[in-house]
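Sharing a structure here in structure tokens format.
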């Protein structure tokens, strides 16, 4: 069950230009959170920004969680100005986690840019719970935005890099790297990143008969299924609805469910 | 000429409950500022609060100025959250300063509550320029809000206290203390505080034939004479206007000019 | 000091004057995770239509300075699923329910009101005659909303009143010259109250892509940004109406709610602010009680319309 | 890449599409302290009336979430003092001037326009038919503003057009169902452009004193809070008008200005935001140039109405 609390910021560091890791003290949240879930952060008191900002849970610790975020607008800029020791109002955990089912032959994570954020927690859980260290594809514009490599390596994951400019790993899209890894029936792929990247990932998986779970993004007001603002169009009806809420029915979806033609 | 600049906060301390002194590094401002003038502070980036906040200049140093303020709403609360080292966007100096004319027999300052803010600079200037250390009446709700006593004593000012609850000095209004000091023709009184206090001060001075200059308050948008939002009603026409702008024609007015009946 | 917060809104007894705005509280269950929603004066549910509605295509919302634009398009489960799946939860909790309804014609509103009464689905009806996101407000000129035409407001109100004995509130739009006209039309047609205001029409464009931010191009503006506009309309209407007003538009705090009550609202609704602060409405209730105590007001009804001009 | 920013607004050549909103820049001199105001596409002066006006009694303004309410009441020096004391400064600087005028009847507007033309007091006329703070918007029902009645808009426009050869822009109110109606009325009566929008009616109450915050009770809401509303009105009007639009309402940045241009505005005005940031309009100009360069647009006129729906 989600809850709302002022949480003390215990660590806040720039991990790459305009990319930050923020750790909050939140024992109850840590106990309930599952990889793939997210929180709504209240960046400021007052009316500006008016809405909370959704952020995936990056890692789950004994007494708190971390977020990994990129500054893209005013809300994230204001967030980046907060200091260790300050209180941040956090609502969560929200949304459906990544399914972690045993019985797959292969577990592959594929992340584009800041889409890497939910995966350290997932890889850790897959390793601990299923004894499977997933293979990880980390894609980014350029080398210095390839994040979390060390975390994955420490868990024993095999890491593949892809960059748009070839500054590290392959000069390729994440979906192309994925394709060369030859996913097949019996493979489960976890994806997060820009919409075109997830669309391409879905296509690769669908062609290969692999299962694909993607964590989608949408503008959110409530983060909790109330406002119906964050919907994406589904291929089939979900509980009589053709529109599915990213916040409550997702953010993680089996990609077969999504009507990718719209993107 | 006023200007706008990001100024580094060099000191920021709570001097009484909910009362703060803030010093900024602003050499140009310090060179131009006169006692009684004020600045418009931009409390935050973004659109909230939307308008700047007017603050009197408390002291003028070689390389900056100080403000003394009370937290009364969200803007001042946000301001109080700023830390030493951060940049504050300051517009100023604005408005007309306190006239500092020689030739008076007596110089009396009378301040109610946070109305004390503009007076350390004024007392200092009177002392330095005219060799006159003014008498000072400091009035407040209760003892711990009597501010700046030490500053005035160091300048050789005689200080009188008045509190609403009698916790220090006389249990009286500032205007009553003033009356007992017997201002007369040849006395100049400088006043700042809540409107009823300034109205009463004007009455005492008018009856005694003393000159009275008061620094008024009004909600301000531009602080620079543009919006016409901050007006008070004048007794006489000032440059063909019956409404005078607190920001540009004031904030310091000869109290004879103001139509006190409205307050 | 004991404070009476109970109000009578055109026959609907609310234990305190605070409800939530339709569409900002779904059917109550989600926010019951954060506070006991039975403490609300009433729960106003998302607009219900006869058939389920998928709503508009996404993107459907965007933040704006001190507010937000939405173009949900009345996505809702439909009256059947509401009565079957959503209502039991609210009734079990003991909530007072305002059933907000939306239809394509007076008959549909009447039918919805009849069903809600017959199946104990609501304790009062709020007729949404003013949703900017369903009629094609993008292209129709000269007032596409029922609430923009007083004679249509009267016609719809009469149809609903004929169909139910429940108190009927009519929800109006701020996109109008004089809010008093449709409000008086509603009153004369028998409405038991008016709900003011729905969202203001607005839009946003992404300059980088040169495309509208909302797929529907146009949406409804809500939040603190519009509060001064809503308050003015409530004050206008209160001067001319006998029937009570449910005031809404940007209410975030008890101080905001007090402005609406002083301007003449008998009850108030917390809307978009619940998205930021799910228990905002509860805090408003607590704040109103504290206000009355601080000001030694024994009965909040003494404050309705008590602004001293 | 050289970028052309020059636009022709119904006969008024502006070297860039950015002016300032009337009443938020006085007569230019104050803000010339902060930047060279001759860089503006035009300076739009505070509404001028035949006689000086003292305006409303204070308090006249209050901040609101992402905006402000004002009830200045068109305090101004009057046309004589303007021509004598304010104009020379603007002319010496080489500013292009939009003379905003306000009167009690068509004849007064005509007279003001005639004087401005005769004494070289403006390069175009903007007729303020929509100030919420002078007609008694507090008590008059059913549309107290000229801009709320298309036939009156036409009458006023014709009177002004008959009096001057200068381009005439008509400034309209957002407190209306369909902005296209008065806009078309203005166009058909010969207006050379419309200015959209004036402030939205609003109010505030201090709950502690139970008194209205503004002495006038009602004021006009401006600032980023109203931007989505203004943008929607500009887009609506642009679809139906031949004459150009000067867009305004909450513009703070070049990105905001671009939204209005893409929606169909030929020029834009920075209003209340200048109070926070006196050189905001200059930054908008610089930002528009940078935008065109980044998007490889050689002529900003290519972007007018270029939103892809």
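Letters A, B, C and D mark the chains as written, and numbering starts fresh at 1 in each.
Here, a contact is a pair of C-beta atoms (placed from the backbone, for glycine too) under 8 Å apart; a residue touches a chain by one contact, two chains touch by 3 or more.
Here the structure is a predicted model, which is why all the values come from computation and not from measurement.
Under the contact definition, chain A and chain D share the contacting chains B, C.
Contact with chain A and chain C alike is made by B, D. Looking at B-C alongside B-D, one finds more C-beta pairs in contact between the chains of B-D. Relative to the C-alpha centre of chain B, the farthest chain centre belongs to A. Distance from the chain B centre to the chain C centre is 46 Å, each centre being the mean of its Cα atoms. A separation of 36 Å divides the Cα centre of chain B from that of chain D. Rounded to a whole number, the gap between the C-alpha centres of chain A and chain B is 53 angstrom.
If you average the CA atoms of chain C and of chain D, the two centres end up 33 Å from each other. Residue positions of chain B touching 2 or more other chains: 47-49. In chain D, the residues that touch at least two other chains are 64-67, 223-224. Shown here, the protein chains touch in all possible pairs.
Interface residues of chain C, counted against chain D in their complex, comprise 64-67, 69, 141-143, 148, 175-178, 180-181, 200-205, 207, 210-212, 217-219, 221, 223-229, 231-232, 235, 240, 250, 255, 258-259, 262-263, 291, 303, 306-309. Per the touch definition, chain C reaches chain B in the complex via residues 65-66. Residue ranges of chain D in contact with chain B, taken from their complex: 23-26, 30-31, 33-34, 46, 52, 54-55, 57-68, 70, 72, 75, 77, 81, 223-224, 252, 272, 274-276, 278-279.
Chain B meets chain A in the complex at residues 44-49, 74, 78. Contact residues of chain A toward chain D in the complex are 47-48.
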